[in-house]
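Pasting the structures in now, so scroll down.
Here come two complexes built around subunit A, the first alongside subunit B, the second alongside subunit C.
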Partner chain A sequence: MSIAIAPRAAARPLPSGLRVAARQLSGVKILIPFIALVGVWWAIREAGQFPERVLVSPARVWDTLVVLASHGVLAEYISTSMSMIGIAAVISLAIGVPIGFLIGSNRYAARGLEAFLRYLQGVSGIAWLPLVIIWFGFTHTTTLVIVIYTLIVPIIFNTMTGVRAVPEHYALALRSLGASRLRLITDVYLPGALPSIVVGLRLGMGYGWRALIAAEMLVRQGGLGDLIFGARTSGQIDRIIGGMILIGTLYIIVNRLLVQPLENLTIARWGVLRK
Partner chain B sequence: MMAVQNSAEKIVVSGFRHFFDTEDGPVQATGEINLKIAAGEFVTLAGPSGCGKTTLLKAMAGFLRPTEGAIHCDGKLVTQPGRERGVVFQELAILPWRTVRRNIGHGLEIAGMPKAERDEKVARLIELIGLGGFEDRYPHELSGGMRQRVAVARTWAADPDVILMDEPFAAVDAMTRLTLQEELARLCAATRKTVFFITHSVDEAVFLGDRVLVMTRRPGTIKATIEVPRRSPGGRDWESFTTDPAMQSIAEQVLRMVRAERGAADADEKREAAVAAPP
Partner chain C sequence: MSVEAITPMSPARRALGHLLWRLVPIAPFLIILLIWIVLWEVFRPSKETLPPVRDVVAAIRDLGLSGQLAQNVIASLGRLVLGSLLGIVTGVAAGFVVGLNRNVAEMLNPLAVFFNAISGIVWLPLMITWIGIGSALAVFLIWNTVFFIVFQNTVLGVQLVPEVLEQGVRALGASRSETLRSVTLPGALPYILTGIRSGLGFGWRALIAAELVGAASGLGTMIFDAAEYHRSDIIISGCLIIGTIAIIMDRWLLLPIERRTVQRWGLVSDAEDRH
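Let's turn to the complex of A and B:
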């Protein structure tokens, strides 16, 4: 990364100790904006002398998080949110990929439904909440429906475009090797569309996570959205900010530990869409 | 019509004509084509671009149904792709998510050959095409020439009777192309496949073919057939080809015919342009 700035350093391989240090430095670089944000937050709080019900200090939020964690409350809220997004992702893949395949393998269907899918993306999951609450009440089902709806559209859309982007002669070549229709799907279209499906999953997880928090705030059946919205009614600023920090952190963790390894496995190794 | 079928005739194209449906109505892709290819024969087809060469090959492969006429392979009407007719494309058609070994063995895998037997056969082919040591590489880690070798090997591994090749070496650099052509000539001499090979290179057509067909400009028909005397398989290299006066005179003859069609095609275009936009 920044190692290559000095030409001499680039020409000579760095000693391994230095290289490790450089990598650690780039790790610190990621943290710099966060540290700056906390610094600004702390400075505003100190300068303004705000009362506790308007703004609390970073240290106070940290203490609250530690207390909540030690009582097991945090684990409860986190596990609700995580299992919701997990279940939604599995169901969305199980339904969305076959639908995307069906649409993608038919030129007319793909052309006809593209505008419709875009339209659905416009009517966000949150906009469905009033209707879905009327149908399913304030339940986990309602939350799941909203999150699946949000997650599944990018998965369908990207599966469809992925299938359509597979070069025609891949399939023709395989047909002349005697491949059946099923073979074409398992050996050509599914692996060919996989990088695009993973992109759809990543986008969907991003949208879905946001929709999940929003749905939890209204449905109030546990989860991090419930945590921060509940804290609002009792004016617990420390819980609200702590919950927000967790929401962002968990999103990064899900993305880093789940989606990115998947992406590296398919995209980088096959050289299909090299970064 | 095809009542009497000579058993030595592998492929018979009779009364073939093809039209493509476009928004402006049907467009004629080829004129009437009649063609017989004997078993074990290497036939090359040269012609100006856009003359319908690829359309003919696609119909032989079974990828499209001819508008008129019929194509028979071993006396059976061709209606869809089949394992007995392998195809090597100009575009790279090996799968980027499969290693060299798994790409070459793909046809055998589809045919249900047990893994041990398959690996053995693939290993022999990999040696033959000089890709030893690259078995577990992915296509994006190979050079263009190596990739096209894998594509050719995949088709050969499936052991079809007929191999249809659509400018397979067009996208490779010139030096590599010479090597690939020599390798193909050797491979064909060793395996006695029936090959139908499309090219727009006159030298390639004469170098590889037992018989060279020259196609007219669009809508293409077969303008001439030139027999190329048999050479010994060992003598099939570019050095002896370029120094053989007999070969050179054939190449010159083919070149003159192809150029005449090219020139006529250009003249057609100019005339059409003049009609479309009068001065």
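Let's turn to the complex of A and C:
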């Protein structure tokens, strides 16, 4: 008996024409709640007669985004934020994964550093911002340090957990066949830990993206956080709401199109090792 | 003979090993402390850049004695408790309504994903213009953060309760509300608690970020104000306290509750599998 989880309706094979139509329909279905939301927003705006400094119409937000985009300003804000999170992710992986390996390969190191890493994770990156500003000023370096700090801890942590979860007899089997330590890492521990590393990356991106937006608000050197926080002082609600929509959309794009497929891929390819 | 000779040694040795094993988590903290002391003695940086350890200890003592610390901790924790309670109550309630109606859930899912992506700190600029700086702002950001995580986990938990169990209890004559209370709620509880735990983690971060700019008191405000006077000792004290509170909350409060719940009610699918 395996009815632990209510089975989902099995997808029946559809004729190709129908399948395309169905896919289009599901695309529309995702949009329906958003269209409803915009409708409600518009209705509230019309009914309440709010001043421009409190609420603007959806059309106004759209116009603002178009104007910002046509001047190339929007691309600049977006590319600043995206390159920050991208650089931070690459650096965090490059440093965090080896550290995670070192810690994970030793029982005492793993136990010793677990509490410490949890503690670091408890001090959110943004709390260090005032100190880092004293160190590096209001620069991109400051933002980068904060985002890397936020991103790297979950990556180290999950790499460590992943390495420790690899059954020891896999390594022993390879060693008895004469494998070197390097082979052990590339053929056993790295693939074994990979699903866990990617989970760490996803978690880190979730925390890191928020830390980035918050840091940009305070450092004020460009980026989407700067866009929406700067607009606050001049009461440009259209810019704030437009920026929020962009932040949400970009996060979903990065998460759904990059991180989650990567996670599914590694779990499908190597996740079996953990069972 | 040699075995007998070793055995009397063994308990003492084991106790020593055990003690070492228990003390190992303290090591990284001590090492960092040592590096900090040595670095400071060797390079003698300005106190603004990196204060000596004794300054930070003194800062914590002074903050504690003047009552400033207690005041700020209470302000921050009060907001966290209020915002989280609101987030948990509304998140669980909405999660139940949506989780029990599969069509509604499918409909609303895109909205939930989007608003989860912009939950927390992203709302800061808009909410400052709407409700101004103060406690309400921080409470809103926490509510917003906690709500979406608890909501998504509750929906998942409710949907994963095996329908057979619900139908079984209904067939024995239980009313719909009885079934909800005695089957669906306990079944979903492990997921809900996971949501609460991770929601509080994000909420605490959002709170500190919100307090950096949007509050008149609290730990975030304390460190941000200290930055203006370049009081690194207060900033570091604040970070250490923020981390300590996060750890106490997560490890000593939420994790035990989560574990107990999973032990008590998380067995549903296990029991199913055993048949």
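As a convention for this text, the second predicted complex is superposed on the first by the 253 of 275 C-alpha atoms of A that agree within 3 Å, B and C clash if a C-alpha of one lies under 4 Å from a C-alpha of the other, contacts with A are read in each partner's own complex, and residues count from 1 in each chain.
The rule is simple: a contact is a pair of C-beta atoms (placed from the backbone, for glycine too) under 8 Å apart; a residue touches a chain by one contact, two chains touch by 3 or more.
Note that the coordinates shown come from a computational prediction; the quantities given were computed from them, not determined experimentally.
Of the two partner chains, subunit B is the only one that A:Val188 touches; subunit C does not reach it.
Of the two partner chains placed around the shared chain by superposition, neither subunit B nor subunit C is touched by A:Gly72. More residues of subunit A are touched by C (comparison of subunit B with subunit C).
Touch criterion met: A:Ile228 reaches subunit C, while subunit B stays clear of it. Contact with subunit B, but none with subunit C, is seen for A:Tyr170 once the two complexes are overlaid on the shared chain. By the touch criterion stated above, A:Ile247 is placed in contact with subunit C alone, subunit B being left untouched.
Shared-chain residue A:Ala179: touches subunit B; no touch with subunit C. No residue of subunit A contacts both subunit B in one complex and subunit C in the other. Residues of subunit B that touch subunit A in their complex: 61-63, 80-83, 85-87, 89, 91, 93-97, 106-107, 110-111, 138-141, 151, 154-155, 158, 160.
Residue ranges of subunit A in contact with subunit C, taken from their complex: 1-6, 29-34, 37, 53-54, 108, 111-116, 118-124, 126-131, 133-135, 207, 210-211, 213-214, 217-218, 228-229, 231-232, 235, 237, 240-241, 244, 247-249, 251-252, 255. Put simply, subunit C touches subunit A in their complex at residues 21, 24-25, 27-29, 32, 48-49, 106-108, 110-111, 113-115, 117-118, 120-126, 128-130, 159-160, 162-164, 202, 204-206, 208-209, 212-213, 219-220, 223-224, 226-227, 230, 232, 235-236, 238-240, 242-247, 250-251, 268-269, 272-273, 275.
Taken together, the subunit A residues at the contact with subunit B in this complex read 167, 169-170, 172-179, 183, 187-188, 191-192, 194, 266, 269-272, 274.
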